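Okay, got some structures for you below.
You will see two complexes here that share subunit A, one where it goes with subunit B and one where it goes with subunit C.
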Partner chain A sequence: MSANETPVLGPVLSAQHVTKQFRVAGGHITAVDDVSVDFHAGKVLAVVGESGSGKSTLARMLLRLMPVTSGTITYLGKDVTNISGRQLRAYWRDVQAVFQDPFASFNQFFTVGNMLSRSLKLADSSAESNDELIERCLGYVGLKPADALRKYPHQLSGGQRQRVMVARALMMNPKVLLADEATSMLDASLRVSVLNVLTDLRRELGLTVLFITHDIGQACYLADEVVVMEHGLVVERGTTDQVIFSPQNDYTKRLLADVPDLKGSLKSRR
Partner chain B sequence: MSEKILMRASNLTASYAADSGQDVPAVDNVTIEVPEGQILGLAGESGCGKSTMGNALAMIAQPPLYVLTGTMEIDGETIDLSTLDSGANARHRPFRGKVVSMLPQGAMNAVSPTLKIKDLAYDVMRAHDPRVTRAEAMDRANDRLKMLELPTRALDSYAHQLSGGMKQRMVTVISTLLNPRLLIADEPTSALDVSSQKALIEMLLAMIEAKIMAGVIFITHDLPVLSMVTDRLAIMYAGKVVENGRTEDLVHAARHPYTSALLAAVLDPTEETRTKHVLGIPGSPPNLANPPSGCRFHPRCPFAMEICSRKEPAMIDEHGHDVACWWAQENPGAVVPMEVSRV
Partner chain C sequence: MTNIQSNAVVAETEGPVAPVEPETPKAKARPAWRSLNFGPRLWVSVGIILVITLLAFVGPLFYPYGPDQKVGSIYDSPSAEHILGTENFGYDVIAVLMASTRNSLINGLLAGTLATFIGVLIGILAGYVGGWLEEALMGITNIVLAIPAIVILILISISLQSTNIPFLKGIAGLALVIGITSWPWTARAVRAQASSVATREHIDVAKLSGARTPGILVFDVLPYLASYVVMAWVLQLASAILAESTLSMLGLGVSGTNSLGMQLHWALAFQAVATGAWWAFLPPTIVLTLISFGFLYLQSSLDEVFNPRLRRGKKKNLAAAAKRREEAARKLAEQGDAVGVAA
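This part shows the complex of A and B:
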């Protein structure tokens, strides 16, 4: 699973019939119900759904942060559902994540440089020196290493923090980047700058991106394919144009109808 | 247009006292109005002073935030908003909740987990009128929910038994039980998914319709939500209001480059979004302890001219559409030509 392996035909990462049940008083709830999704190299796939639709649970299972109840996860054709130890560390190097809250994922007492250096423990840093690697990755996300490395988290804006998090993920030279509501807490203007970074990375590095969001507008801007989830089930999937502009499923239609649209929904009251 | 003005706040300046001893003015000499029966949207990036302004207007500023100057005219009364003197709290107390009510950011997560919603409603009523009986409070809450077509059984629930959307609607109803003249809602929809957002917005419109309150200030950075709910919009940047007018006018014909940049960054699920490449606004909002000279937006503005860094533009009224920008003054009536590249 080294970074230089020739790409395997077929999906990079794939979930097959994955189910997750949580035990609760008086039975269990099924958070993810028999979901199968394929992630193809160099594509952006968005998973869209309301709160509680199971999209984050799916992400956690793909990241191997949470065991599956049943089903299999394969990476480059290999079953990674139950790997552990060294193999799991190698998997984590290839499949990286950026989470929702850019304020919670920093240690307040570490500078950005310090934090990034600590992350190198997981990185496969044989090819270049550590400093070069950090500088290169900060460059990808449009931050100046000279400025950024000395700063503490509170000296960065929300958008900058999230970009540092993307840079941290990139240091591992990942094949897959999983962004779980990574832009939800950001202002619209910062949000597009992070989304643009993801688009550029996909183009330049051939990164596969799994983008989890409740905001259909963002999926529309970024994604090649969209999967719509409701109550743990995939209710609709297809290319972005198919799903957003000619939805078939009632839930997808309702979700789209509820999205406030800047010019279409100017107040008609009065 | 001669609309009756419900609330006018004038010359409002509010500062945070920083450890360095230097004051950070988060709201700097701002004047805004809410016409009777209307919803005013307050928008801008994080850190532009929108929430600070909400807190100052709701008279709930707590140290290190101090309101230095400002008056609010509401309902024929003039209130001194300053919190510098020791009598400020006593002076402001009679207005809180009854005249101006605040729905703070994250209010729905601050509901006590051990109280039922009806106990909260009773507590709120009793805090303002010690003689109110439990039965009276329950009647009022029940009537209100029926009027808004919400399930009255929610009153018998604990917070954790309600969904996020329902919790937010409940705290909104409770914050208006005393029929305030003005409701200030700070990011009420930000933590909700689109379907709950829509339900809350429809409820707010029904409340205005039923004259439960006479005006709302709706604070959020989410412009599509604001375009759905507001009559007027005020755009804030670095502690100043830079543009202010009817929502349609701002959305269709923005006159300030900052407003225009914010609008360009909106990602609607439309065909246009599929093909556009939004550049965002370069740079980041300024440090308010040391704001840029002249127009505060000039370092990030694609239309900045020589004068912009020297002199602050005055607010010019163009038929009820106010804008503070040198470019707008040189190009009267022109819509900001924001560039959007295509992919």
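This part shows the complex of A and C:
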């Protein structure tokens, strides 16, 4: 984000008392139960929880890909809970996402170049030509246009695909990036490279990042603040230090205890 | 995901339409369509359809008699001059057969394409959009399915015969009727597929990239359904040809034109079966059987092409692999022996 923009007081993106219920045979399932979270400009917020804790549902509601059952979502103070059409596309210019599955996120019939060109409609490319914009965004994630643009998704590795997805999101010059389990299907070495890309972007572009993960270790690596969710409820929130060093909730303690401790396990083996 | 797996996934849904980048090393090694399994079943069915199509469209150019050229009297026996004899009006059976086949194929193509188009449109909208639209469209589909199609076909074709619009009186009119009554199965099949594609993440990504619903339907949903659409289309062609023949045989076809069903209709009307004039009713029956067999066989072999799980290994490949394994095992055993001797 450029420095000359007016500083935003209060949260950039915020969800207040958001609830999502799914209708199932014989009743309702509450996937997200009265959750309120705030995203502050330039910060990384991690949402941690096990599978089924409602963290992805929360992300999809924040992205407006799924309607909320109740509650409001505000962006820069404006209510965006029920916008549609042109307004919604304008919202997506500012709020972008990277998803979990680096294969399913791609339309396998499109080359990387075609896919990125699709985003040009939303992207603000007034300052530079389309090619330059694509080149710049691929540059952020360490890919060369000459290598990547003409390839089909199946010709890229998992880490490359995920980085292309980050590049796509960056083309809109977003202010908020939601990474929904963006690293969970990558192997360990690639995971770090994607995490580093996110850290760099936050530092260089002042991006606000929502990092959704089931791995509290990754959350610590990246986040300024951590929200812990269990069964659709927020059970703990605070700065990363608070949550890691003095967890209050039993579930958080369990999650922390489950982080593999390399040195500890080697010591105990001796 | 390993390359082997990803290629399999690609082959499953991509079909032969997938363009392949010629400059990448992987593509140079083997283009995607080459990895599809065009088995013998496919070639047999394509061969049958090709022969019949040639008979219908190219045959008349070389055959000495026309379909409305009176060359004999009723049911002349096959002779050297007229290999399959003459039919009830004294026309040459082969000449009529070729004209009939052509009309039946054209009718099938029109009706089948129309049915597939309507079915895919309704199915894809219902499956992708969901909600009340899905309920409404599937409700209509089920209603159309519940009404016996043959009743509608008979009623509409009778009323068509009394219209004054020339277009609706011809083959196109009959094709229209068949087309608008036979789409529901396609709609249901496509809906099921479309609703599963609609939950894929790439749809969300397309939305976030600013794509609108029509664009998403065409570029993000339809390509993933291409194999199903092609198979549904082939099936619709076969059933449209059969439907037309049924109607024509019952005397509800387009009067004054040749079709396989019409030929059977006249053969029945003029007692061909009772008088033993097999050449009047057997040839159209055989051609009709071959056409529908060809299309149904094509459909099932396309299933094998598009669905890697149904693929059978080619025998010679299997044999070669077995030989390689044997060779490797033998070498291993030899090494083991050598080591054993040395020890």
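Keep this in mind: the second predicted complex is superposed on the first by the 259 of 270 C-alpha atoms of A that agree within 3 Å, B and C clash if a C-alpha of one lies under 4 Å from a C-alpha of the other, contacts with A are read in each partner's own complex, and residues count from 1 in each chain.
Quick note on the criterion: contacts are C-beta pairs under 8 Å (C-beta built on N, C-alpha and C of every residue); 3 or more make two chains touch, one makes a residue touch a chain.
Everything quoted here is computed from the prediction, not taken from an experiment.
In the superposition on chain A, A:Ser119 makes contact with subunit C only, not with subunit B. By the touch criterion defined above, A:Leu63 lies against subunit C but remains apart from subunit B after alignment on the C-alpha atoms of chain A. By the touch criterion defined above, A:Arg150 reaches subunit C but does not reach subunit B. Of the two partner chains, subunit C is the only one touched by A:Arg89; subunit B is not. Shared-chain residue A:Arg168: touches subunit C; no touch with subunit B.
Applying the stated contact rule after C-alpha superposition, one finds that A:Ile244 touches subunit B and leaves subunit C untouched. When both complexes are overlaid on chain A, the residue A:Gly158 reaches subunit B and subunit C alike.
Residue contacts after overlaying the shared chain place A:Ala104 against subunit C, while subunit B stays out of touching range.
Within subunit A, the residues touching subunit B in one complex and subunit C in the other are 158. Contacts from subunit A toward subunit C in the complex involve residues 60, 63, 65, 89, 92, 96-97, 99-101, 103-111, 115, 118-119, 121-122, 150-152, 154-155, 158, 165, 168-169. Across the interface of their complex, subunit B is touched by residues 50-51, 157-160, 187-193, 195-196, 214-221, 240-241, 244-245, 254-256, 258-267, 269 of subunit A. Those residues of subunit C that touch subunit A in the shared complex are 1, 3, 6-7, 9-10, 13-14, 18, 21, 23-24, 26-27, 200-202, 204-211, 219-220, 223.
Interface residues of subunit B, counted against subunit A in their complex, comprise 45-47, 164, 193-195, 197-198, 201, 205, 209, 221-225, 227-231, 247-248, 251-252, 261-263, 265-271, 273-274, 276-281, 284-285.
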